[in-house]
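First subunit A sits with subunit B, and in the next complex the same chain sits with subunit C.
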Partner chain A sequence: MYFIQHIESITHQNSFQKENIWDELKPLTAENQLISPDYKNYIPVAALRRLSTILRMGITASKACQEKVPNEFDSISVGTALGCLTDTEKFLVTINTVSGDVLSPTAFIQSTHNTISGQISLDLKNHAYNMTHTQNALSFEVALKDGLLCIDEGKKSVLVGAADEAIPFLERLRGSLILTHLPFTSGATFAVLSGEKGNSIAFVQACEVYFSTKSQETLVTLINQFLDANNCSSGDLDLILEARSDFRFLAKNHISFTDYTGFYQSASAFALHMANDWLIGNADDKRILIVNNLESNKLGLTLINRNEVEA
Partner chain B sequence: MSDLKENLKAQIIEQLNLEDLTPADIQDDAPLFGDQGLGLDSIDALEFIVLLDSNYGIKISDPNEGKEIFQSVNTLADYISKHQ
Partner chain C sequence: MRIYVTGYGVISSIGENVEETLLALKSEKTGIKQGRKPYTERFKVGEISWTNQELIERFGLTQNASRTALLGMIAAKEAFGEHELSSEVRTGLISGTSVGGMDVSEIAYKDYLKDESDDLNVYKNHSSGTTSEQIAQELGIRGYVNTISTACSSAANSIMLGARMLLSGQLDRVVVGGTDGLSQFTIAGFRSLMIFDEEWCRPFDETRKGINLGEGAAFLVLETEETMRKTGKKPLAVLSGWANASDAYHQTASSPEGYGATLAMKSALKVARLNPADIDYINAHGTATPNNDLSESHGIKTVFGSSVPPFSSTKSYTGHTLAASGGIEAVFAILALNKGILLPNLNFGQAIEETGLIPVKNYSEGHEIKHILSNSFGFGGNNSSIILSAV
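Presenting the complex of A and B:
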């Protein structure tokens, strides 16, 4: 079992360093801005000046996690769909417009997807396994599976998370990228998982990803097969957290997590935070399924159980 | 020369994202690198090379030269005035 020891999110919700994020969660509107903590409390000023939003969020959420657990992380697995967009855009624009022969190094250095996990390691002075996964809307689930495999290998304390940032240019891609009613948003969620129960409330029983899915009937079959493989059925689910609203009929409670996250492709990481804290606040509920169908041809499934439930 | 130094200070602040500083905070002879001055680092040294190239058309072919040139605003301004 993979116990959730601690989890932190920086999003457009008031979600950072909260006992239970549900105390203040509200459906988002386009007017909701990213709620940033005072990054100077976590990142030296000299370093902060160079860091874009996605790096500030990732490092700060990770450091807040590290402060809550006694041991250094034995692995760091990060998912990001679009990576460091601010620096990527800055670098590409500079290529097109700069008059000299040399380009500013900072944007180039920080434009790669693995800058997030690299900067987290540098900042924490952590020399353990470090990996970045980019699989569009399933980036977080793949990073999570990596973390679960690390625990299977015997690692004691693993950091898994995801981050993505919005830039104005994304509006030009709205038609091809997004569930149309959602605002573009930014967010980072990082969680510490361990094979030991500790002070956790819940554990990740299983996570699975499916690429190139087709019809909704196929998705229902995949969900039922996933639940069956994990010794439960849809009748056992107390809540479904879904990117869309296609599977309301599968459980007694259903929430579209994108109503609370807006659109960034690794938003399902925040759904993990929502699931963990839902179980903190709803003592009778035991099982939550996260259905990440943000992209119509991909499916991520993550089953979260209260600790008392037998896996 | 004093106009050049003031321009340089503004360009340094912009290029290096020194948001909390104003040109008046940077002394002409204060070290730019190390704990005694602005505390700039090796990436900033690369940014200086870009700044000289893009703003003044000066190319530094030998990176070792940078140690002397980038000591302070005074040394930077002196180098620019001699090589522009």
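Presenting the complex of A and C:
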């Protein structure tokens, strides 16, 4: 069992440092902007100026997590689908417009995907295992699976998270390469997992990823097999959090998490936050399945359970 | 449980398969030359001479994709070779890349900046995750696919994650490695950092000035013993140790004392249950930047004390192939184990004054090599070491 010790999100919702994010969650409209916390509380002003949104979100959410748990992280595993887009685009513009031999390296340095996890380790002075995963819409799940594996291997305080940022350029790809009616958004969610119960109320029971998935039927079979392997069935689910709305029929409650996140490919990380806090607010509910079917050829499944009440 | 390597494949500027690569290593022939593309012509680079279209035709690839994906397909196909897919052997693929499909998207983006005439379809190859999905598709792998992006340690970390996935029983067999195609983005990036050497790079040399970039890909097939009973494959080597640690010192520079490097090497030895004295050769990260080589030298001295085993940086052959380097150097290590050879650090003249370490200067055969440590250190302080051992 992988207990969720703490979880923080910076999104277009009022989701940072909340007791229960559901108190203020609302379906998003295109007008909703990213709600940025006061980053100065986490990042020195001089450094802040150089950092793009995705780095600010990642560092701040991670530091807010570290403050809430007693131990230093002994593993940091981060997922990002498209990485540091702002700095990538900035450097692309630079190399096409600036002539001469002297280019500013900052955008290049901060364009690589592992800038997020690297900057977290740097800011926390953390020398532990540090990994960056990128697998399109399953970027969070593959990072989460690494974190779970770290706990199996004996790590005690594991930071897992995901971050992605929107840039205006993405609008050009809407309808051709990116098929969505949702607004393009940014978000970061980081969680501390541990094999010990601690102060958690819920745990991740399992996470699985599937590729080359095709028909809706295959997906239903995969979901049932996954639940079966984890000793439950769809009848035991109190809530399904899904990227689309294909599996309404599987559980008594159903929410499309993308209505709340908008479109970024690691948004299923925020669904983990939604699941954890749903269990805070709904005392009778026990089991939640996150179905990440954001991209049609792959599937991520994450099963969240309320902790057993000790007799 | 031991993790076995049962296949390997490589393409770089010194050869387009394992056999050619060995010949180049033997003849001490570098692949680094004056660049031939508009954006490389001012530099010495380890370029692969074929265009993307030529790569597709020459290697019979079924997909048109970025250079990173194409090079990856070529090396992965060689590694997977005669391996067969079967429902009994759950097979995954983990690839490392730093820039993904940048080599093609940067061309489209240039058109966008000019007059918005970019072909949007090109961007579908951009994401790093997609390059791995394309490589998996080329092999017919439909299971777990993942991409590690930790800059220059990406392939080493892919190898490490693959081993852990096998040990935990989540996979039976996994194709692991890394790939990076040269792009204007990368060339300009390293130029902005001002760490290019305009001459041939000289790792571990007192007069070293910086890197030569390169491109390439390499993959290994990893299996457990139980899987080998099903597949009937013969092991080429044992992957006996691995570790990753964070230097947490600076965005790009390594700590002067090589703290993260030391941690990675020591932890990998621990996983392998080996002592420093058991290591017969170190394939160093050795980028030839003043900073890396000094820091790595200090790290090596901390771990190995006064009896540093033979070591060299083979980046003097291939250039720094970034996310692919840990994979390419793992292939070199397997060749060294099986052929009993020590690989030279080309262009070495004079030891770094502060450390006095002298790398292997010439190719030689007839050594008994049981354990090799291979270092890969990335920007962001991402330090990884793996250990390959004779079967």
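Structural remarks
Methods note: the second predicted complex is superposed on the first by the 304 of 311 C-alpha atoms of A that agree within 3 Å, B and C clash if a C-alpha of one lies under 4 Å from a C-alpha of the other, contacts with A are read in each partner's own complex, and residues count from 1 in each chain.
To be clear about the criterion, a contact is a pair of C-beta atoms (placed from the backbone, for glycine too) under 8 Å apart; a residue touches a chain by one contact, two chains touch by 3 or more.
Being a predicted model, the structure only gives us computed values, none of them experimental.
Partners subunit B and subunit C, once the complexes are superposed on subunit A, both fit on it without clashing. The larger set of touched subunit A residues comes from C, when the choice is between subunit B and subunit C.
In the superposed model, A:Pro105 makes contact with both subunit B and subunit C. By the touch criterion stated above, A:Met131 is placed in contact with subunit C alone, subunit B being left untouched. By the touch criterion defined above, A:Ile95 lies against subunit C but remains apart from subunit B after alignment on the C-alpha atoms of chain A. In the superposition on chain A, contact of A:Ala46 is made with subunit B only, not with subunit C. For the pair subunit B and subunit C, the minimum alpha-carbon spacing after aligning on chain A is 7 Å.
The interface of subunit A with subunit B overlaps its interface with subunit C at residues 101-105, 109. Subunit A makes touch with subunit B in their complex at residues 45-46, 49-50, 98-106, 109. By the touch criterion given at the top, residues 15-20, 39, 41, 43, 46-47, 49-50, 53-54, 57, 59 of subunit B touch subunit A in their complex.
Those residues of subunit A that touch subunit C in the shared complex are 76, 81-83, 91-97, 101-105, 108-115, 117-119, 121-122, 124-136, 138-139, 142, 145-146, 149, 152-153, 172-173, 176-177, 209, 211-212.
Within the complex formed with subunit A, the residues of subunit C that make contact are 98, 106, 109-110, 112-113, 120-121, 123-124, 127-130, 132-133, 136, 142-151, 157, 161, 164-165, 168, 170, 184-185, 188-189, 191-194, 244-252, 259-260, 263, 378-382.
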